[in-house]
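There are structures below to look over.
Each of the next two complexes has chain A plus one more chain, namely chain B in the first and chain C in the second.
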Partner chain A sequence: MSLRVDDLAVHYRTTRGDVQALDGVTFEIADGEIMGVAGESGCGKTTLGKALIRLENRMKHVRGTVTLDGEKLPIADDRAMDPYRYRRISLIPQYAMSAMNPTRKIGRMIRELVTAKGVAYEDVRPELERRLRLVGLDEEVLGRYPIELSGGMKQRVVLVLATLLDPSLLIGDEVTSALDVTSQKAVARALVEFRDREFVRSVVVVTHDISVLYQMADTILVMYAGRLAEKASATTVIDQPLHPYTKMLVGALPKVGERYDDRRLTGIVGRPPSLLDPPGGCRFRDRCPLAMPRCEEQPPFLEVAPGHQVACWAVA
Partner chain B sequence: MLELVDVHKVYRVGTFGTGTVHAVRGVSFDVQPGEVVSLIGESGSGKSTIGRMVLRLANATSGSIRFDGTDVVSLRHRGLRDYYRHAQGVFQDPFSSYNPIFKVDRTFETLRRSYFPQDTGAAWDERVADAVHSVGLVPGEVLGKFPHQLSGGQLQRLLVARALLLDLRLLVADEIISMLDASTRIDVLNLLGDLKARGLGILFVTHDLSLGNYVSDKVVILHQGRVVERGPTAAVFADPRHPYTRTLLASVPQLDRRWEDVEAEEERRSAALGDECLYHARVDGADAHDLGLVEVAPGHLVGCFRDGADDACPGVRAPVAG
Partner chain C sequence: MRTYLARKATLYVLTFLVAVTLNWLIPRLMPGDPVQRMISRAGVQHPESIGPMVEYYEQLFGLDLPVWQQYLNYWGSLLRGDLGVSIWLFPSPVEDVILRAVPYTLGLMLPAILLSWVVGNWMGAAAARRKALDNTVLPASYLLTATPYMWLAILLVWGLGVVAGWFPVAGGYDFGRRPTMSVAFVLDVLHHWFLPFLSLFLVSLGGWAIGMRNLIIYELESDYANYLAALGAPQRLIRRYAFRNGLLPQITGLALQLGTVIGGALVTEVVFAYPGLGYLILQAVQNADYFLLQGALLFVVVGVLVANFVIDLVYVVVDPRTRTGLQGANA
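Presenting the complex of A and B:
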């Protein structure tokens, strides 16, 4: 078992009270698993990714534990987490490719970053060049400035950099977003290849784009308003989802070739509840076509079939 | 209704404006009433530049853009104002289209002041409410709210409602759904479909092929500023001929097929089509850097198979002797 998250709750401190962005999530990721986390904006998917590596100042660990390779992580202790970061858990934050230092050549930027982590650049340079070639980049990119590279090239550099020390867990937040379809495919493919070559043991990919997850992820975890809605293999989530939210989310996506005149798709009416003071019970019930009185009680995240978990009274 | 003929756009770049970027090269297509035309391309393909030129937010370097026969490029003052009664744009980021310190109603009020200064009171409010209704929103739920209290999809639809208050005939929708959540995207797409049914012409600029396919009647595939393929949506998607279109289609993440399956199909198609440039095979004596298109099926046009606009043509198969 690579990663185990137990009843993790993380809130954001605001002047108006705590925003319950992550409210008791429990799941496991196996060795070699690429798990996609999907959901609408504000569902807590980015918070989940961040909570596994570093809690920002305004984030508060409320309860729950994170265990990586059998070892409990001190996630609430910023200093104690430091030895794990980059070496054992690595994060590609959202917009990472746009956050490169524009005044440094790529090679020098990487040298400064690994040196800050106590690693000699010369020791990792051969491996760095090998991996760059693996993702289709010439080692000559090390002598270039970020502005000279396309978005897809920068994102592949970021991927190589983030996994250079063979971390056990890689968290990629919207790594394929804001890229053209051809670059998107190259980055997704590179990520899968890195897992296959065991440069990284397991991967969490956070994105709003479910079709990309269907192409690259083994399993998909669907989140709604700070809680888990459903987790299953990518194929099951797309073809046989159980949770009404997953069904509606997947049903709102046009397939290539599907036309408005033939079959009119529908969106999901309404908006997710405010997480400042969320209602009790199932948080989807205001928008749910299957809502019933029992939904005022919070549904447990139950296993309905091997590897398929759902939090819904109506279907579980 | 809207007709572009051989439109070029050259940007001057560099400190002294000495360098040039040829952003749009010889683009021609038209938009008819009751038709959605998707302009599809990756970043840098010139698709947004074309949308901006149609809305006169940028001037074409050469070529003509006509709306009902009137050259849009030559419009000044009053003429331009009248043009905007019929042609409006909605853009990618709904949040930056509103001033966050004012309620969303202000966007309707500014329109009233510049176009309908004599319309006030209940009659105007009723027209606003009607327009809001027609984009699928309940006026009581959205009017009187601040932008941050509404979702991106609601804000985008309000911007369309604003355009509908005018005598709208052409809507330029530039990546209007790329920042929206999947659950509200489809509502905005359906709205475009409804407007089309009411006789509006829509120029839908997007990088997303599956969304472009869902509502559009015709597609124009742009690559490095030139049209590589265009035609009826169904024809282009079912039988893409240009290598660039085929690569693009094979890269789209789909929900019913994995990339591997799509690639296998694409390989079979490539083998069947061969590597012959359809354009240069059919047009005798064509210049190597010709921007023209040839018709491969009714209404389905394809350009030269070269990848970059300045690259060499991959060539035509030598005729078999005897």
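Presenting the complex of A and C:
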């Protein structure tokens, strides 16, 4: 068992009260698993990614635990988390394009970073060059400034940089969102390859783009309004989703080989509830075609088949 | 890099041409006739001798020629390194008058600007780091920047000069002394230098501190700083990067300040009757001394251009982004 998250709740402090962005999330990630987290904007997927490595100032850990390789992480204690960061848990941020200091050459920045983490740059340098070549970059990029690289190149440098110390868990937040489709594929492939070569043990990929997850994720976790809706293998989620929200989400994707000349793609009518003071029970019920009186109660996240969990009264 | 320098050099030459022309033009647009003024100062007894005197002086200064001829002559003598003769301090050459004043202005302004830049940046960085410091340094800085420097100068003269009697209130050195290279004279010069220096130093200090504090806070919230923090990099490293990147706009600011070095502290020099260039410019204006004014302003222009050019070069070294930007977009 690589990562275990138990009843994790994280709120954002605002002047109008706490926004319950993450409200009791429980799941596990196995060794070698690439888990995708999907959902619409504001569903808590980015908050989940951040909670695993670094809470922002306005984020508050309310309850729940995160256990990595059998060790409980002090996620609420910024200082105590430092030794885990980079060595055990690492991150490819949403802003990978601007994640590197613009006035330092890339190699020098990496040297200063690993040195600060107590690792001799000379020891990791051969591996660094090997991995750069693996993602199709020449080691010469180490002598360049970030602005001299294209977006896709920067993304790949950050991938190599983030995994240089072989972390147990890598969090990728919208890793492919800012890239064109060709670069998306290259980055997705590199990520899978890094897992296969055990540069990282398991990966959490946060994205709004389910089709990207289909290319690289083993399992997909669908979130809705701060809670989990469904978790299953990627093929199950795409081909046989159970949760009505997942069904509608997947149904909103165009299918390869079909023409949509005069048909509109169906979206999901309505908006997610405000998380400032969310309604009780199932949070999807206002938009759900299968809503029934029982949905006033919060549905449990139950295993309906091996490796397939769902939170819905109608289908579980 | 070569095209960059060539382009910059062309720009500087053009600026120089325009500025030198304005230098020549602006004094001539001032009201008042320098020769008339000179003669009335001389207190000529016989009204009939005024006519020939005016004629003599106008010919001497070349003021009887057509305007275009005067302009060409001005360029001609400028290129020969001749700035003309001062009307106010007739018959001293303008070069001598200016060269006597330049050390005082440079000695006053350079330390004031550079030291306030260094100390201000350091204070701003410290304020960005600690809340308690921020709450004290920031208001103090706002107070200092908002202070008009001549007003602070007057306060200092009154407090430390007149009331406490620790420092002399006027002059570049004691009027009873002759300028020599003796220890006593140097000490005397330093003694006179301190108050004008302090007033300039204090006033510019606040601006630098505020600027640096804001820049660092901005840098600390930038993506690369966030990413380093997420990777658990020590605060020391993140702050070092933030400081270095925050310094870049401050270098530009320093360039602009350095440009004002030479003409700079005009008012300060007037308050302290300090024998620098600013004091000279004031006298030149009051006496309609075209040649002295031209010469003094020329120094200002050259100072601004040289300072900017130096900073341009420094910037290419410290900020890689300017370099790629100038080679054309190959990123």
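Simple rule for what comes next: the second predicted complex is superposed on the first by the 312 of 316 C-alpha atoms of A that agree within 3 Å, B and C clash if a C-alpha of one lies under 4 Å from a C-alpha of the other, contacts with A are read in each partner's own complex, and residues count from 1 in each chain.
Here is the rule we use: a residue touches a chain if its C-beta (ideal position, glycine included) is under 8 Å from a C-beta of that chain, and two chains touch if they have at least 3 such contacts.
As the structure is a prediction and not an experimental result, all values here were calculated from the model.
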| item | value |
| --- | --- |
| Room on chain A for both chain B and chain C (clash or fit) | fit |
| Partner chain(s) touched by A:R125 [first = chain B, second = chain C, both, neither] | neither |
| Angle, in degrees and to the nearest 10, that opens at chain A between the C-alpha centres of chain B and chain C | 70 |
| Partner chain in contact with A:K117 - chain B first, chain C second, else both or neither | second |
| First, second, both or neither for A:P102, with chain B first and chain C second | second |
| Contacts of A:K247 with chain B and chain C, given as first, second, both or neither | neither |
| First, second, both or neither for A:R4, with chain B first and chain C second | neither |
| Which superposed partner A:R54 touches (first chain B, second chain C, both, neither) | second |
| Contacts of A:Y86 with chain B and chain C, given as first, second, both or neither | second |
| Chain B versus chain C as contact partner of A:I147, first or second or both or neither | second |
| Per-pair minimum CA distance [chain C against chain B, superposed on A] in Å | 5 |
| Residues of chain A at both interfaces, chain B in one complex, chain C in the other | none |
| Chain B residues within the chain A interface of the complex | 42-43, 151, 153, 181-187, 189-190, 193, 207-211, 213-215, 233-234, 237-238, 247-249, 251-256, 258-259 |
| For the chain C and chain A complex, residues of the former touching the latter | 222-224, 226-234, 236-237, 241, 244-245, 248, 318-321, 324, 330-331 |
| Parts of chain A lying in touch with chain B, wherever the complex brings them together | 40-41, 151, 180-182, 184-185, 188-189, 208-212, 214-215, 238, 248-250, 252-261, 264-268, 271 |
| Chain C contact footprint on chain A (complex, rising order) | 53-54, 81-87, 90-91, 93, 95, 98-105, 112-113, 116-117, 145, 147-150, 162 |
